[in-house]
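Okay, structure first, notes after.
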Amino acid sequence: MNHVITQPPLPTEHAKASLPPSKPARRRSSRKDRISPGGYVGRTVVWLLVAFNLFLLVWMAVTSLRDTRDIVRDPLGVPAVPYWENFANAWNTGGFGTAAINSVIATLVSSLLVVAISAPAAYVLAKSTRKISSSFTLLFVLGLGVPGQVLLVPVYIMMAKFQDISHLQMLNSVQGLIIVLVGLGIPFTVFLLAGFFRSLPVEIEEAAAIDGSSGLRTFVQIVLPLARSGLVTAFMLAVITGWNETLFSLVLLTTSENRTLPIALLAFLDQAQFNGADWGGLFAGIVMVVTPVLALFIWLGRRIVEGMTVGISK
Amino acid sequence: MTHIKPWLKVATGAILATSVAFTASGCTTTDAPSGDGEKSMTYWSMWTETEPQAEVLKTSLAAFEKDTGVKVSVQWQGRKVLDKVTAGLLSGDVPDLVDQAYDALGTALVKTNQLEDMAPVLKEEIPGEDGKTVGDVIPAKYIDNLPTYDGDVKNYMVPYTISNVSVFYNKANKVAPKAPKTWDELLANCKKAVEADMACIASDGDATWANSYWFDYLLNRNGGDGAFKKLVEDKTGASWDDPAVMETAKQIQNLVDSGYIIKGYDASKYPEQQNAWAANKALYYLMGSWAPAETEKYAAEGFDYGAFNFPTTSESSTTADDVISFGFAVPKAGKHTAEAKQFIAYFANKDRMGEISTVADNLSARPDVEAPAQLADVATILADNPSRLPNDGVSGDITDKGFNATFEQLWLGKLTAEEYVKEAKSAMVAYWNAKG
Amino acid sequence: MATPALPLARGRNTGRPRASMSAIERSRRRLFWPMLLPALILMALFYLIPIIYAGWLSLNEWDGINEMTFIGADNYVRLAKDPVFIGSVINTLKILFIVGIVTFVFAFALTMILRDMMGKKFVRSVLFFPTLINAMVFGIFAGFLFSPSGPVNKLLLLVGVQDPPKWLAQDNLFNMIMIVMIWSATGYFTTIIMSAVDQIPAYYYEAAGLDGAGPWAKFRHVTLPLAWDVISVCAVLWTMSSVKVFELILVFGGSTAKAPPTSTWSTALYVYQAAFGTGGDREFGISAASAIVSLLLVTVLTIGLRRMLRRENIEI
């Protein structure tokens, strides 16, 4: 759900401030309550929910290896022999191959750019004592609350106009999508990174300044490496947002050679009209959409979760 | 001056990063590759590259390039091709040739006068056919009844594929092998089907666009040609008081109340029940003639695709059948409209257009091409009856936002005929009221 | 919008007393504009100008091809009269309030259950994961799983349910969409609330326990008040994201290649359909007007919610 991702980890300090300073919570050891009957019910429900979520993933993977006819006959069945053709079909003829490459390029390039552009801005906003900087910070925060659909038509028309003037392909091109992804991703990334920079100790920079290093060098050589984990988190979240982006891609990207994965998936659904649905291929496509995010989550899950949530509860 | 300002460094860095990124993504411009005086055209297709229809077109496009030296660049856009064309109009990136159904072309391009007049193309001779013209081989009735959507051009499309809407059934079925001619015969067969523990009518509750074919056809039989258009375009709502409308609504209510529509239709998503029909779970399916191609994969063993024209409700009923034509159109803003028109005439050749039938299993716009077996009945229906347009050519917002929502309630059995007529009337008045 | 309570505006270092401007401070000042400007320009290009442009477009009639004509507030009048638009606003509000409240209740329940459960990290991760997936996927899954002869009904038949609910009937469609939203958002909010609850020192609970408080009393008098600020931030987050819901509805209710039934539209769907919908008229003006309405909606709701959820308004 990419709409959830575009949310700030608001560092509400009230929550923390309202609590007396204390040693870290260690409550489990001291509270060996027996589990109430309600607790058992609750736990059962939770595990059922977990089982359901895991089942969905397994079912998706299994179904992607089945023949369409079999899927329709028995949606929960297991293939006797894995039907790899689904992936071959989806990749080659279904256009998912091109789409996957486009998705990877658009996502990686836009995420790199948005972090590269946001990091300096976030840094000065976090550290500056100027009055105006708080107004700018507010501007970025407000940007977070703007629903994408408000920007959809104007951005689309502006891209068209820009294409007219510059003769650079903006509509129906991966580079156009990259620009839009970067532009739209700025508020969240600036916001996220400002939080990280603010938490960095000032002393190190001061030491650098005493050593005579310039502000820019301090930023590049000292601050950025220190903020590496923040930058990586910001990058990961930009990747996930970019990977899932649908609304703007749907409007901007048109031909099969420029589609990203979500749009290829939609186009695949459309094809069912006139030539019948290919559920096997569809599930193979879904696997391609889901797997990279799943892999990222397994690999860097803690960081992603923290990026999206921890700031809020701090 | 050796001292470089820090902000300049940052700016240079940013520009560098951007340009690297762009090189990585293969920066492209809108400037078309110049062919040095070579003749060329661009075609944006409603098909995606791997569909059989695309294969047919590919063959002909290649032959066209070879025979005429006109270089064709194709983009296999898929069904939403016209969205891309209208988008292209905004930015000046427009193809020379597009294809889609008449109604899609109508709302997207005809209304705004964006398409060339095809009348001259109809007079063009078809290469390889001894002086026969395009207009000679494609029946006028497929072209003359196209709605103009208040645009200036009448012949904005040259059809190459014809679909119609008729009732499909399995000819090999044991319950009612004989196709009904009248509404009463159809109801009698429905009764037989239900007695044989089979549904009569397949329908997907969410496909209101398809379910409303029942209403549209029945109203056409009850109220005559143009009744639907008159009904939904009446801003006062007075047309809803026509007894033919009430009769139609009652006939629909009867289908619902008698349990003739397949169980679970009100909770299904297209094409779920369509597939159920192909698996012999229902007798009839009122659908566009793409139904066989869509269901082939799911059809029961020995399924023999047949179709009959929508039954008449009285002696005086018309027998008009819904024709949905798909064809080529040429946007005025294209730069190579002459080449595009040349290709249209080229493709009209029997051997080439014939592949629509022999390779893609659709009906071609040329009646002299033999229909694919599954659509043989459809070809007969088309030949024997006058043609009309589904919903009398009304489409877009009027049906999507105006008509459909209330009709859905009737079809799903949530409104009685009386309630429906009352509510639909006020919904349509509200729709027109909001239109201003 | 959310100004008063956003602590961001106060940089943490502002509190630091400083006698004179240090060297680092000066160099930072020099870098202020060059480092800020690229992001600021993008912000202007992709947020400020488009919003102003949308405002202008909403006062015009335009199909994107022919001349634009100025028609004043007519588009807004048309929207007010359009039952489909009113319906899409109502749906958006349903997402905000119904889905929001249920999700929060679930998130709290889960937090309570997970607190001393084995494997809570794993559970949390599994429940969190749907947040990261394109919601379209769930739309497709749901259509498949809940179809009349689909797996869910087959399972129900096994346990003896002859007449299963009509999951995907038009009347239920939007409810199903809301259920899927609740399912996929619960994990996210559970994670946030859990980390807030984890900050609460144990002795609060111990003290409450000594006073004879049961689980509900502990929740009511310890957890809820101490996590309140996080809850109110979450409410704002949910407001912002509920107005954006798009992909799930686009695929969930939709027949192939057709627009989803109007009864399931959200404001985001309406904006998209008015401007780019299939087979419809291209009405950029109406689309922009509906977009502006959804912007106003999110603004008013956010301010309203923040007022309502202010600590002093809540008797804890």
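Going by the order they are written in, the chains are A, B and C; count residues from 1 in each one.
The rule we apply is simple: contacts are C-beta pairs under 8 Å (C-beta built on N, C-alpha and C of every residue); 3 or more make two chains touch, one makes a residue touch a chain.
Remember, predicted model here, so these are calculated numbers, not experimental data.
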Chain whose mean Cα position lies farthest from chain A: B
Between B-C and A-C, the pair with more C-beta contacts: A-C
Rounded Å distance between chain B and chain C, as computed from the means of their C-alpha atoms: 37
Chain A-chain C separation of Cα centroids, rounded to whole Å: 15
Numbers and ranges of chain B residues touching at least 2 other chains: 6, 10, 14, 79-80, 83, 87, 90, 271
Contacts with two or more other chains, residues of chain A listed in rising order: 117, 120, 156-157, 214-216, 251, 270, 272-273, 277
Where chain C touches two or more other chains, by residue: 30-31, 34-35, 38, 64, 256-257, 276
Chain C - residues contacting chain A, complex: 1-3, 5-14, 16, 22-25, 27-32, 34-36, 38-40, 42-43, 45-47, 49-51, 53-54, 57, 64, 109-110, 112-114, 116-117, 122-123, 125-137, 140-141, 144-145, 150-151, 154, 184-185, 188, 191-193, 195-196, 198-203, 205-206, 209, 215, 226-230, 233-234, 236-237, 240-241, 243-248, 250-251, 256-257, 267-268, 271-272, 275-276, 284, 287-288, 291-292, 294-295, 298-299, 302, 311
Complex contacts: residues of chain C adjacent to chain B: 30-31, 33-35, 38, 63-66, 74, 77-78, 81-84, 143, 147-149, 165-173, 253, 255-259, 261-263, 276-282
List of chain A residues in touch with chain B within their complex: 68-69, 72, 93-95, 105-106, 109, 112-113, 116-117, 120, 156-157, 160-161, 163-164, 167-175, 178, 214-216, 251, 254-257, 267, 270-277
Contact footprint of chain C on chain B as seen in their complex: 6-7, 10-11, 14, 79-80, 83, 86-87, 89-90, 103-104, 107-108, 111-112, 114, 204-209, 263-264, 266-273, 276, 395-397, 400-401, 404-405, 408, 412, 414, 427, 430-431, 433-436
Chain B residues within the chain A interface of the complex: 6, 9-10, 14, 17-18, 21-22, 24-31, 44, 48-53, 75-80, 83-84, 87-88, 90-93, 271, 275, 290, 293-298
